[in-house]
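Both of the next two complexes hold chain A, though its partner changes from chain B to chain C.
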Partner chain A sequence: MLFQQILNGLTNGSLYALMAVGVTMVYKSLGMLNFAHGDIMMVGTFITLTFVLMGYPLYVGIALGVISAAILGFLLERAILRKVKFTSFVNLLIATVGVSYVLRNAAMVIWGTSPQLFPSMFPETLIEIGNFRITPQSIGVILISLVIITGLHFFFTKVKIGKCMQLANSDPEGAAMMGVNVTHMRFLTFGISAALAAIAGIMIAPMTYARVDMSATIGMKAFAAAILGGIGNLWGALLGGIILGIVEALGSAYISTAYRDAFSFIILFIVLFVKPTGLLNKKIENKL
Partner chain B sequence: MAKKTNKKSLLAKIVIIAAIIIIIPFLTPNMYIMQIVNMIGIYIILGIGINVLTGFTGQLSLGQAAFFGIGAYVTAIMNTRGGMQFLACLIGSMVITGIVGAVLAVPALKVKGSYLALLTMGFGEIIRIVMINWTPVTNGTAGILEIESPVIFGFSFDTLTKFYFLIMVFVILGILYEDILIKTRTGRAFVAIREDNEAAELTGINVTTYKIRAFVLSAVYSGIAGCLYAMMIKYVSPDTFVNNTSNIILWTAIVGGFGTVVGPIFGGIIMQVLPEVLRFLGDWRLVIYGVILLIVILRFPGGVYPYIEKFIDRIRRRKKSDAAGGKG
Partner chain C sequence: MAETMLKITDLVSSYGNIKALKGISLEINKGEIVSLLGANGAGKSTLMKSILGMVKIESGSIKFKDTELVGKKSHEIVPMGISLVPEGRKIFIDVSVEENLNIGTFFRKRPAARDKELRDMVYEVFPRLYERRTQLGGTLSGGEQQMLAVGRAIMSDPQLLMLDEPSMGLAPLVIAEVFNVIKKINEMGITVLLVEQNAKMALKISNRAYLMNTGQIVVSGTGEDFLQSDVLTSVYLGGKKE
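Right after this comes the complex of A and B.
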């Protein structure tokens, strides 16, 4: 029972981590949270579902869903955020909230509000080890998330474009002087962040059904995970996501199922109150 | 001389506003539109509440619907279970939202910017989850039915038209209080905190108490709006106090004019009338509504009121220069 719950927590947690990585990337380049992150995830998931229902194979659907989410991320950056006048930080944040509102309501019109079955990309048969039953789904989800996050780590530390992105985010003027196209890098940051969100959404949907309101709850959990681990930190996002997932699983198993979604927000409150910089960040970032 | 004309123009303003307020119910063709007018009033009060917190003090809140909901639920519970009248419910709503506002201020003092936005958003979600799951008190997703109309000293505000005047009393009191507050020491401290937290602290402003005060004040405004809402609709359910409502409350202050006294009035009218005007679009109206708001935010970063003011100013100046030209 305990083992099962921890495994559930790890599965959900690695998905929150995948979302949180995207949140963290955008935070680094923009200095604020992208409140439309969850909605981009939801739209990517539904686009995949639409292609699958049209008769395309699942993998084609996934590819198209992820690509369209990335395009949505590009559009968000190019058409909205770049147009916001930097009179105050509030305007930028509210613009992302506005995009979230538009996407959510558009999704409700296009795909309806009722939950829909989503095909899983993993086999159904259970793997039995002794007394424990493990679904291939949880193993697959955890592995894919780990591989993606490790891959991103290498991308940011070893690959030239990744390094340029890091530099453009931490020191835009310096990067521009070194000949890095900061605008393109920011563009790319949004695209990758949105694509990661869509991948997470596609793996979450088979477990919870594809539903329009998943954008709000999962989006908020991604923020909570990113802040818990220390925003701007790749491994922090992973740690935050996994802690959040396990606390949620244990809390709903042993305390109350009804308050399942509240646990992550209570953790968020505690982290913001005790250590707003998160677990893995030491420096206090004075960004507004 | 100048003082006299000032007094005269003030009197003229009061007469015009009073006339508009009295005429409105006679111009509304049916109860449906009357209800929209009343909702405008409620959203103006909500807009003032968030304007104090975000517009003047600079503390972004994305969880304002939680205070609105708490106010509505306190009134609903006090009225249906305790059998209490309007004034008692109103005071109950104000006190409890005020306390909750102070409690939220404690973690909120530590963070700013997107973290604060996220904190308030999370707070809103927690309150909504509690509303759904704390069934013995809130009656869960079914909500609380059969709330009575307000009765003050034997006079019952049982129709929407009568209720309109009750709401207008609170709208006017709310705006007057906001107007007076902003000119006092407290109001100046709020603006100083918004402009530069550290500088405000250096000049001897106790940032902590003023921020808590802004949170409490904003919560109490929302509590009043919640009480009026519950008594008007006669029904409360968790569906009303969702994230979307918080966003609309925030936009009410932003679209009108952030950090201006009359901004929420314009915001309240625009935010409530626009969805009705867009009704011909059917299902897509909320999408278009969002797109229009997004354009307003991008095009008029400070809200529409400062632009209206500038426009009126330009016309006035042109008239003046015309008159001067005529004389010459």
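Right after this comes the complex of A and C.
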């Protein structure tokens, strides 16, 4: 029972982590939380579903969904945030909230509000080891998330473009002086963040159904996970996501399922009370 | 006649409504050290940033050898062989000293052997950087960060190196060291544009100098001319006579 719950927690947690990584990346670039992050995830998921329902194989749908999300990320940066960034913080906040509503409403019009079955990319069989039942889904989700996040870490620390993205996000003027094309790097940051969100959504939907309102809950948990681990910190996002997933699973199993979504925020408040920078960050950044 | 490396004609640059450069013309020949003097707010940093494509240029021309730089972005200009050591501590605080130096090599194409040669030179000139090479940039002292900024610019193997107050915040002994480094860099064939509050020391190593005042060039001449005339004390140092 406990092991089972921890495994569930890890599965959900690694998905929150995948979402949180995107939140944290964009935060570094924009200096603010992107309130449309969850909605980009949802749109990527539904675009995948649409292609699957049209009869395309799942992997084609996934590829198209992820690419569309990345394009949406590019557009968000290029068409809206880049213009707003130079005015004020409040405008930036309202801009991402606004985009979030537009995407959600458009999605309701296009795809309706009822939950829809979503195909899984993993086999449905159960692996039983003694009393434990492990789904290939769980293992697949955890592995894919870990591989992606480790890969990103490698990309940001070892690959030149990745390093330049980090520089451009943490010190745009300094990076520009060194010859980094800061505009392109910011563009890329949004694209990658959005693509990760779509991948997360595509792995979440088979477990929860694809639904337009998935963006709100998952989006908030992504924020919570990113902040819990230390905003702007890649490993923090991973750690934050996993902790949230596990706390949520144990809380609903041993306390009450009614508070499932509240557990994340309770743990977030406790951590921030003790360590305002989040678990892995050293100093408070004066951005918000 | 010396080969011209940079030729600026009637350059006007602005920040919003404020014109910071009001028609600057100057020339830097290949192999020279040229000093840019002027009181606070004269526009020295603005001129350097304009060359690097980081300030809005209203009109005028900046020719680097045969290429017009006006209209180009910094990520296009840096790879052509122009580097800036900006005013203040502009190193990357959350990467190591070694990585800071590597970043200097990112946008210049040349053989790996050249990288090594330059890195060895930087470490030789600033042994302190070698000792601290695995430390994060942000953990260096102010003076060490300044050395790192200079080292990083050397790593980019520029044809034209612009140094904006490289001795700022350094102890006198280290300042002398920095001036030695500048001479050494110049002897390697790198052309240098230098801004220094420490005008006398700057002029001693400069071939020529320009004196700026509120966005314009007031006087130009050789380093010697400046050292001998009293333009400096009257116009620029304004009482800070040594």
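The rule is simple: the second predicted complex is superposed on the first by the 280 of 288 C-alpha atoms of A that agree within 3 Å, B and C clash if a C-alpha of one lies under 4 Å from a C-alpha of the other, contacts with A are read in each partner's own complex, and residues count from 1 in each chain.
By our rule, contacts are C-beta pairs under 8 Å (C-beta built on N, C-alpha and C of every residue); 3 or more make two chains touch, one makes a residue touch a chain.
Treat the numbers as computed from the prediction; the structure is a model and nothing was measured.
Asks: Please work out whether A:176 is in contact with chain B alone, chain C alone, both, or neither, and reply first, second, both or neither.
Replies: So A:176 only meets chain C here.
Asks: Report for A:266: first if it touches chain B alone, second if chain C alone, otherwise both or neither.
Replies: In the superposed model, A:266 contacts chain B only, not chain C.
Asks: Looking at the overlay, does A:83 come into contact with chain B only (first), chain C only (second), both, or neither?
Replies: Touch partner of A:83: chain B, not chain C.
Asks: After superposition on the shared chain, which partner residues are touched by A:156: those of chain B (first), chain C (second), both, or neither?
Replies: Touch status of A:156: no partner.
Asks: Which chain, chain B or chain C, is in touch with more residues of chain A?
Replies: Of chain B and chain C, B contacts more residues of chain A.
Asks: Classify the contacts of A:167 with the two partner chains as first (chain B alone), second (chain C alone), both, or neither.
Replies: second
Asks: A:122 contacts which: chain B (first), chain C (second), both, neither?
Replies: neither
Asks: Which holds for A:220: it touches chain B only (first), chain C only (second), both, or neither?
Replies: first
Asks: Which of the residues in chain A come into contact with chain C in the complex?
Replies: Within the complex, chain A contacts chain C at residues 160, 163-164, 167, 170-171, 173-174, 176-182.
Asks: Along chain B, where are the residues that touch chain A in the complex?
Replies: It is residues 54, 58, 60, 62, 106-107, 110-115, 117-119, 121-123, 125-126, 129-130, 132-133, 243-244, 247, 250-251, 254, 258, 283-284, 286-287, 289-291, 293-294, 297-298, 301-302 of chain B that touch chain A.
Asks: Could you list, by residue number, the parts of chain A that touch chain B in their complex?
Replies: 27, 32-33, 35, 80, 83-85, 87-91, 93-95, 97-99, 101-102, 104-106, 108-109, 216-217, 220, 223-224, 227, 256, 258-259, 261-262, 265-266, 268-269, 272-273, 276, 287-288
Asks: If we count contacts the way the header does, which residues on chain C are in touch with chain A in the complex?
Replies: The contact residues of chain C facing chain A are 52, 54, 73-75, 77-79, 84, 86, 90-95, 99, 103-104, 106-107, 152, 156.
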